[in-house]
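These notes concern the structure reproduced below.
Per-chain numbering from 1; labels A, B, C and D assigned in written order.
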Amino acid sequence: MTEGNDGRLDLSAPATPEMMGLVHAVLEQLWEAHDDVAATDRVRFEMAVIEILGNIVEHAYEIDSTDTGSRRFDVSVAATETELVASFGDNGLPMSIDLSDVAMPDELAESGRGLALAMAAVDDLSYERENGRNLWRLTCTRKG
Amino acid sequence: MTEGNDGRLDLSAPATPEMMGLVHAVLEQLWEAHDDVAATDRVRFEMAVIEILGNIVEHAYEIDSTDTGSRRFDVSVAATETELVASFGDNGLPMSIDLSDVAMPDELAESGRGLALAMAAVDDLSYERENGRNLWRLTCTRKG
Amino acid sequence: MIEFAVETTPQGIAVVRPQGRLNMAAARRLKEVLDGLVGDGRNRIVVDMEETTFLDSSGLGALIAGLKSARQAGGDLRVARPTEAVRTVFSLTNLDRVLKPRDTVEDAFDD
Amino acid sequence: MIEFAVETTPQGIAVVRPQGRLNMAAARRLKEVLDGLVGDGRNRIVVDMEETTFLDSSGLGALIAGLKSARQAGGDLRVARPTEAVRTVFSLTNLDRVLKPRDTVEDAFDD
């Protein structure tokens, strides 16, 4: 949870599409508290965060669709002098694909760009399955 | 943290005035997920939540003003069939006054209404000091 | 962020319209706006709260402060068209008498 | 919530203006709007993105879907006035060629 950064914002909420707006609001707050973060860095970080959250909401609970109540995620975002960092945790099903296999699909494909876009946007994206939880970590090295 | 309610929203953030807008956004999300909560219940709950948060931001760190970085709070809000519940935790200084002494000040007083207003708005407001943390708990029994 | 639109009626009454949430940060600015009006000799003020979606004790404090300085200057401050959120706060704090809300901006100074 | 204003130019070109965040929920609605236009025979479409503050892969998918159905109907879909957020997504996905953004809505169908 990006320990050591006292300015971080942590949210834990049900994994529903409506929560995407709240995560945008969390990021708006982060930018307000760190008004020196360059627009280019905000844009690519926010986009990657929303892609990963969108995947959690859409995919991580697909098969396990009986027990809506317990579908939750948590997210922590922080800005340091040099980096923007986000980490996600969720108790959904494990990711089916290997990040090293992710590639941008055909130009006219209507879907399948989420992970490729997130990976292109940030400087580091990692995924781990730990203690029955999915853990995602995103890092942008600040350019601005 | 209102255990047993899987729809709850938890936020942890620096205890700064800017975070009040984010807590409003969290509550907006709660109302969106629970659109059957009556307007009267939303109004009194939101007001009490914001009063308690305002006090944390304003008072709980007053003397201890050297170490801005570690001033944080967490809040958890949830709606059940019968109740609206919020709990706050913060690592600031202990509350100086006893809730049973709280009364509405003179009509023309310009301050000192926060706690009295929060207590009048909700059905239960409690404060505890536990393990060096301040814990506040608010409960509204749903009327609507 | 809350906005403060200020207008003057043909009768010389200043109308302040806090739009959005009247909370801690906004209360400080409302107090400045009200102090500025009274300082300019415009001591008859209507606070039109039709679009005030939220009010807390600090917003209430700014209204009371404005009321007191308007009265000290020989004028008054009156509240018009409160939303449900505003009315709830007035009634929970027993201020509906001192901040007696009026139904319209036009008639706010009729009595 | 995102809004979709739709206009028609004197040349019969439909102009769609997604205002706000073009994300998962909004993408679904944009796809419906674009499908509706092509279904009505309005297959020359400009998506004016001057006020699109955010775009993700699902929004991009809706644009590509609209582009394909407009072309299948003998028309085209063109993007005008992308914000920085939109341009970033186009360039990271290498779609600046297929969704080549135009500087103005008026000239979007000039070539």
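One rule holds in what follows: contacts are C-beta pairs under 8 Å (C-beta built on N, C-alpha and C of every residue); 3 or more make two chains touch, one makes a residue touch a chain.
By chain, with names taken from UniProt: A, B = ATP-binding protein; C, D = Anti-sigma factor antagonist.
The shown structure was predicted, so the numbers you read here are calculated from the model rather than taken from an experiment.
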Checklist outcome for this item: Chain clusters (touching), subunit A (ATP-binding protein) not counted, are B, C | D
Checklist entry - What is the distance in Å between the mean C-alpha positions of subunit A (ATP-binding protein) and subunit D (Anti-sigma factor antagonist)? => result 26
Checklist outcome for this item: Chain centres from averaged Cα atoms put subunit A (ATP-binding protein) and subunit B (ATP-binding protein) apart, in whole Å, by 28
Item to check | Between subunit B (ATP-binding protein) and subunit D (Anti-sigma factor antagonist), centroid-to-centroid distance (C-alpha), Å | outcome: 43
Checklist outcome for this item: Multi-partner residues in subunit A (ATP-binding protein) (2 or more other chains touched) are 21
Checklist entry - What topology does the chain contact graph adopt: line, ring, star, complete, or other? => result line
Checklist outcome for this item: So the complete set of touching chain pairs is A-B, A-D, B-C
Next on the checklist: For a test of understanding, state which residues of subunit D (Anti-sigma factor antagonist) touch subunit A (ATP-binding protein) in their complex under the given definition.
Outcome noted: 21, 23-25, 54-58, 60-62, 64-65, 67-68, 84-85, 88-89, 92-95, 97-98
Checklist entry - Which subunit B (ATP-binding protein) residues qualify as touching subunit C (Anti-sigma factor antagonist) in the complex? => result 17, 20-21, 24, 39-40, 43-44, 46-47, 50-51, 54, 57-58, 104, 107-111, 113-114, 116-117, 120-121
Checklist entry - For subunit A (ATP-binding protein), which residues are in contact with subunit B (ATP-binding protein) within the complex? => result 6-14, 16, 18-19, 21-22, 25-26, 29, 32-33, 69-72, 74
